[in-house]
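Heads up, the next two complexes both have subunit A, just with different partners, subunit B and then subunit C.
Entry: the complex of A and B
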């Protein structure tokens, strides 16, 4: 209430505000500063300032060892290199391939589970399901990476299973294979995100009005029509959330790749996050690393914002 | 509106779910079976060893200095989570209840940080932390993390306070000290569920944080558990039984807490995804 009162009190059309009202407004402003200040200061110190420095560094050629005053101004050349260098472009491409792996299997499997049970998971079975499917969300990604590098090992479960079903010729050291390393890393991410997406979609489908399905049935809709015209539209929000989460995770991935493959073989599984770390701290190319960081940040926004806008429009 | 729902095919659904659960558990079981093989050998993917070497866990605990790691992780969590929750609760309240529509843009400053990958600021953070002289200390992880958590946490707490009706806080025109009192006596107790969920999420993210420790802290014993696992892998990566035993120990604390507070964790993670 008073929000509006104060807003109009400050507007030119309103009658001159009484002194008490202005004092109150001033006091409220002071309180606002007191409440918001600490959060803002630490956010500014460790996010906004570094972000500004990232932009600044990205315009320099600097090894990070000597004083920054000795760095040469490099203009947009770092950005041009990020957008033209074959290796760096491949690394950015890797991130998008990972995004597909992180997104599609969890969402597809989650939709399959959700439309198959089409209700909240209740009872002891439901609790067990939730608990188990959420385990990968709780453990450090590094542990997931180590667990899966062992799964993919020459002696690991994946090869063991292939031998068991008579596909011995398919066995290999998956993470060292130029063709299969990136999909293999992608499946690790899919494994991590599977439970979260499934539970989001199951919760969502339980909220869809059951009468919609009844009506569809009366109209003689087949299961695939039901899926197309009732389930999918009803789950648009949840799907949007899943895709947002998985894309952010994939594009800014670091932990899994760092422990599972360290970016290899070659640069087959190197992602921007890992390359930023390497460029800045191993190759001493702080400028180039920062340009890649800024490009990465923009790419994440470019992928996520349209999804968010689409979701918001639908709500209105 | 409760129409009887027609279950499509419960058997198929159950089968699919059980398959997903098996796939989820398989890597853990495979690690466990490897962890029980004799240290230094090259075990096989999933095979219960004839003579399970439970001693591997004790050995991994010892070589990785788990006591110190646990303590270090706990210190980092204690330094990070309460402060982040406090700042975010205050700012969420301030942004929801004390700003006029004209200063709403201020909230956007926080929101733009929501999708920021930590890698985008890690390089300058390194130089900043070096400048402050905190490199290689736990403060190098704690301070930046509080800052990096602000967008999500402020967003989260503001959403909560927006849902609280206004007349509650503005029954009387409060000022200064009394507003502060009302915040602590009325608003914070009411916000407990939101604060709890936020605390759980921040605890998980801090405990599992990897990038910051790897870049900013060389000494494994001052890192988080997850960060130390990276160093542990570097040192013992070739001894698969020991590596698996160490990894299982390192992932145990969050899993145990999760099993105890299963309901709260699941709720927090689901809401966290929806709002984030």
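Entry: the complex of A and C
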């Protein structure tokens, strides 16, 4: 210990001065509040308040037309109905099946495309591929739903193609078929989301240091090793984003299903988004619709938060 | 370990030829440095040897085996990249052992090889860290370790020290030299830093515009540069190059003069290589210039760099030509002063009108 340190250690402790630093800190806090305040107010008005109101409505029995004061308090009965009603449970199950369709094909195909065009990214081929694959993303979902419902029609291009290759026995009205309607809708969603996933993954793969692939080649890696040990770990954040976005899209989907099948046949393709709309505006069961919406939100969070958490964990 | 032969190796990208017929013999265990300015093709040549690029024509032999069409993994080479190229999600241990894992080497044997490389490079405490937790020097060590465990015939280094700071670069340079002695392997090293080239190499290959300018031992290149490019590239500060003319050749002596040259009498080269009237360039190393009261060169100083052990003096001759000299560290020289400089006649180098050494 130095002489100076000794002297300092031995000296009586002076009371800590509270001068400019505190004033500066206060000013910084005020600036922060001023900057965050407007955004927070907008967020509160459009997210927190509606969310709170939904929670409140979910505890009521209300037709949505009469005054709210006329609604009766229903407790957790709406939630119990959501979690016990067979139809509603099937609808929630449909959403999860759709999530698999919306997530797995776009991410897997996106990875395949990104890996395939990695070396040609800068060339015309890469640009053309990216443009073609991104195109579905800029088409309105309603238009995509209509176009695909034509293609899935009994005389549509899908059945024409099957007939052409000799699989006539496979032809059917896809969107009206109890077994295949949901996968058919899933394929529409996968087609729409493939562009987004490919763009994200192509952008991500471009950021991977090219010398990693060269180092792997020299280490003895074959293409499958390069994919497993360089591409996949290098794209884990992008894959996480893709999975998050596609799951949210699937669980909260409405427009594609509404246009393509309107939830039919029966309730085979009905998803929570569509059912919430029906319950609230057709059946005048705002409380039950709100409860389903809250359950849907919790399900989305339950799916997405672990993914986000896992990504953050790995980053550390 | 293996020798390596390049025979008329060429590489073109479309119409642009970037490697223009390189012939080179690298002996077993030799440390060869490719040096040259940016864009001279030195890294491309290294990548051709590694197999990361295909040659357009010519032959590459490693250990007597033609490897033109052999995959990089089967060439028996290991490469250390400028960017380190460490797999970010793997620990140091996994990075170093990755090649062996792909080669399906049993785990125990793999661990032993990784441990041995870690011991050689003194990085045992780092084995369980990820690359992001390492400094630049440590990452470079891991990259070298990854090359060592593969026990390659030829080590390739692509500007491995250029991302390190000056002090670390010097340390790593010494370590690389030590590593070469320890492993006694064939090593090819690419750099644009001629100090690295001079200190590390058994043999230097100077490249310019995809062509080999000179191949030789460091001191051979320094003392006897084959042309003006090598003369200017090797040595720091650069060799002074003063254009002039042979005014007379008298037996063993040649008399030079010119717009930038005072009248100088130098020993004439062997044979009839010089004749009166020949255009020449006189090359003088800054370190060969000495302060002499009756020296033939009169320098008006306009730049002074005192480095402690030596003083770099730059200025211009009465004709306006620039000249640099390196004097003793404590040399009493000042800015804006006129000093006289001389040199040993034998230290002067002459180049003909085509830039070739005479």
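By our rule, the second predicted complex is superposed on the first by the 267 of 316 C-alpha atoms of A that agree within 3 Å, B and C clash if a C-alpha of one lies under 4 Å from a C-alpha of the other, contacts with A are read in each partner's own complex, and residues count from 1 in each chain.
Just so it is clear, a contact is a pair of C-beta atoms (placed from the backbone, for glycine too) under 8 Å apart; a residue touches a chain by one contact, two chains touch by 3 or more.
Everything numeric in this text was worked out from a predicted model, so none of it was measured.
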{"item": "Which superposed partner A:127 touches (first subunit B, second subunit C, both, neither)", "value": "first"}
{"item": "First, second, both or neither for A:225, with subunit B first and subunit C second", "value": "second"}
{"item": "Partner chain in contact with A:83 - subunit B first, subunit C second, else both or neither", "value": "neither"}
{"item": "Of subunit B and subunit C, the chain that contacts the larger number of subunit A residues", "value": "B"}
{"item": "First, second, both or neither for A:108, with subunit B first and subunit C second", "value": "neither"}
{"item": "First, second, both or neither for A:214, with subunit B first and subunit C second", "value": "both"}
{"item": "First (subunit B), second (subunit C), both or neither touched by A:233", "value": "second"}
{"item": "A:135 touches, of subunit B and subunit C: first, second, both or neither?", "value": "first"}
{"item": "On subunit A, the residue positions that both subunit B and subunit C contact, one per complex", "value": "209, 211, 214, 217"}
{"item": "Contacting residues of subunit B [partner subunit A, same complex]", "value": "1-10, 12-14, 16-17, 20-21, 23-28, 30-31, 34, 42-46, 86-88, 90-91, 93-95, 98-103, 106, 109-110, 113, 115-128, 143-144, 146-148, 150-151, 153-154, 166-167, 170, 173, 175-176, 179-180, 183, 204, 207-208, 210-211, 214-215, 225-226, 229-230, 233, 240, 243-244, 247, 250-251, 254-255, 258-259, 262, 265-266, 269-270, 273-274, 276"}
{"item": "Partner subunit C, residues of subunit A touching it in the complex", "value": "209, 211-212, 214-221, 225, 229-230, 233-234, 236, 314"}
{"item": "Subunit B-facing residues of subunit A, complex", "value": "1-4, 6-7, 10, 24, 27-32, 34-36, 38-40, 42-51, 53-54, 57, 64, 109, 112-113, 115-119, 125, 127-144, 146-148, 150-151, 153, 155-161, 191, 194-196, 198-200, 203, 209-211, 213-214, 217, 223, 241-242, 245, 248, 251-252, 254-255, 258-259, 272-273, 276-277, 280-281, 286, 289-290, 293-294, 296-297, 300-301, 304"}
{"item": "Subunit A-touching residues of subunit C, taken from the complex the two chains share", "value": "50-52, 71-73, 77-79, 81-83, 85-90, 98-99, 102-103, 146, 150"}
